[in-house]
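By letter and in written order, the chains are A, B, C and D; residue numbering begins at 1 in each of them.
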Amino acid sequence: MNHFPTIGGVAHTHSKFATAWAQAEKPIPCLGTTHADYFHGPVPVTPRLKAGEIADDYEQATGASICRMFADLDPDAVPAVLVAGHAPFTWGHTAAEAAHNAVILEYVARMACHTLTINAGFGPLARELHDKHFLRKHGRNAYYGQVKKR
Amino acid sequence: MNHFPTIGGVAHTHSKFATAWAQAEKPIPCLGTTHADYFHGPVPVTPRLKAGEIADDYEQATGASICRMFADLDPDAVPAVLVAGHAPFTWGHTAAEAAHNAVILEYVARMACHTLTINAGFGPLARELHDKHFLRKHGRNAYYGQVKKR
Amino acid sequence: MNHFPTIGGVAHTHSKFATAWAQAEKPIPCLGTTHADYFHGPVPVTPRLKAGEIADDYEQATGASICRMFADLDPDAVPAVLVAGHAPFTWGHTAAEAAHNAVILEYVARMACHTLTINAGFGPLARELHDKHFLRKHGRNAYYGQVKKR
Amino acid sequence: MNHFPTIGGVAHTHSKFATAWAQAEKPIPCLGTTHADYFHGPVPVTPRLKAGEIADDYEQATGASICRMFADLDPDAVPAVLVAGHAPFTWGHTAAEAAHNAVILEYVARMACHTLTINAGFGPLARELHDKHFLRKHGRNAYYGQVKKR
C-alpha cells in the first residue's frame, strides 16, 4: 500500500469469471455502464512475469508487477487488476470496499464473457457514456447514487 | 409513464444475461415459446445516445430514447426494452408485474444465449407459433393459463 | 398416454438448457455415459408444426407430433422429447420418475452444451459404450445400480 | 489402490464441467495458478476403451485404463483423471482429500471452459509458473499455504 496511498484494503480472489479473464490474459473491456459505474477504464492485465522473477522472489515480483502497471493509471479510478495466468486483485478505501469491488468485478467479468458469446466482435462502450457513468458517481462532480461516507 | 398510459410500474435491473444482450447491442430474438408467452416480438435495443444527449441531460435522454423506440410498438405487447450499452427496463400494469417481467426477461435472455451456443445461426420462431403463444394468453381471445385479475 | 401404455406420468418444463436445445431445434446427442444411463439414443426433437396445425388445434397437434416421433422409438428407452421451438417433455412409469427424468435431462442438456463449447465438432459416444451403460441399468439383463421397484 | 499405494480414497463424480471435458475427450490444460496449485500438469483423459474391453469386463477395464495412464505419471502430482466419454475420478491420501480434489477439479474445469470462451486459442501457463505454484505448496520444499496434516 506504499504505492497506493489512498487505499485501506486489498482483496484477492480466484472468482470464476474474473480469473478466466486473467487466465486468458485479456483486459476486461468496458462493455457497459455496470463496468463504467465502478471502473474508469478497462481492467488491465499484468504482463507475464519473467522466469527469473518467478524463481527469485515470486510473491514480491507479483506485487511489483501490479505497481508498475499502475505507474500510469489512477488506482482510485480503476480499483482492480488481473494478474496474468493467476487471478484478480481489487482494492478500496476500506477492506469492505475492496471486497465489494471484488464482487462487482466478478459480476462485470461474467457479463463481459456472456456479451462475447452473443456478439463476439463487440467493441467497448462509447467514451462519453463511460465517462458519464463513472463521473456521475465518483469524484467532485458526482451527483448520482447513494451518498458515500468516506 | 405519460407515454405508456396503460402501465402502473417500471423495473430496471442489471440482470446478467439481459444486460449482456444490451451490452452486445442486439435485440433478443424470439427463439421459443417461453419468449412468445410474454413478448409479442423481439425485445428491442435502443440506438446509442449521441454525445450531446449524454452531456446535456443523460437520464432524461435515456427515457426519451425508450419512448421513441415504442412510437411504433405497443408497450403492452412488448413490455421490455434493452438500453444500448446499459441494461433492461421492463414494465407492467402493476409494479409486481413489472418485476415479474424482469425475471422472465432474464430467463428468456439466458436461454437465447445458450441457444446461440448450441446453434449459432439459428433464426426466430415461426410467426404463427409466436402469435399463437402470445395470443392464447393475452388479449381478448386469450383462453390459456391462469386467470388474470386486471 | 394411450399411445404410451407403459407410462404413468408426464412432466413438462421449460428448464433452461433442455429448452435451449429445443429452441435450437437440435436433438441432444449422446455425448457421455450420464446420458447413456438414462436415454438409449439421442433425445429427439419434433419437426415444426405446420401453420394449419397451429391454427386448428394447437395443443392436440403438439401431442400428436410427439406420438408420430415415437412411432419408431421405444418410449421406455428414450423417455424424453424436445418439442421444436418450445421445450422438453419427459415421462416415466410414475409421476415421480417423469419428474426425475426432467431433472436428469436438464443436467445432460447442460453438459452437452458445455461439451460443444470445449470441442465444437465432437461426435456421439461409441455405440458399444452407449449400449453398455443403458443396458447394465435397464431391461432384463440389468446388473448395475440401485434395485428398481417396478 | 494396488497401483496407487500412497492414496487412501477415491472420488467419482459426474460434475458438470469436468464431465464436459471428459465428454469432449480433451485433457484439461493448466491455464492458471488455481490449477497449478493442485495439479502438476494437465488433467489427462484416458483413451477410449475398445469394444472388447466394454463387452468383457467393463468396470475392470475402466480401472485398468486409468492405471495404464498413470504408468508414466505420478498420481500424487496429478490426483485426477478424466475417463473418456464418462466423467472424472480424483483421489487423495484420505477420502476427504479425494472429495476435496473433486470439488477443486470442477472449479478448475469450469474456469478453463470460460477461458476458452474468452480467448479460444489460449495456451497453457508458463512452465516456470506452473512449477512454482505446485512446488511452493507440495513436496519437501513447500513453504506456502496452510500446514498439511499428513
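Assume contacts are C-beta pairs under 8 Å (C-beta built on N, C-alpha and C of every residue); 3 or more make two chains touch, one makes a residue touch a chain.
If you're wondering where the values come from, they're calculated on a predicted model, not measured in any experiment.
Visitor: For the two copies chain D and chain C, is the contact made of the same residues on each side, with over half of the numbers shared, or of different residues?
Guide: Homomeric contact, different residues on each side for the most part.
Visitor: Mind checking the centre-to-centre distance between chain A and chain B? Centres are C-alpha means, answer in whole Å.
Guide: Each chain's C-alpha centroid was found; their separation is 31 Å.
Visitor: In whole angstrom, how far does the Cα centroid of chain B sit from the Cα centroid of chain D?
Guide: 44
Visitor: At least two partner chains per residue is the criterion; list those residues in chain D.
Guide: Chain D, residues with two or more chain partners: 117.
Visitor: When you draw the chains as points and link the ones that touch, which shape shows up: line, ring, star, complete, or other?
Guide: Drawn as a graph, the chains make one closed cycle, so a ring.
Visitor: In their shared complex, at which residues does chain C touch chain D?
Guide: Going by the criterion above, the answer is residues 31-34, 107, 110-112, 114-115, 117-119, 122, 125-126, 128-129, 132, 136.
Visitor: Where on chain B is chain A touching in the complex?
Guide: Contact set of chain B toward chain A: 14, 16-17, 19-26, 48-49, 51, 54-55, 58, 85-87, 113, 116-117.
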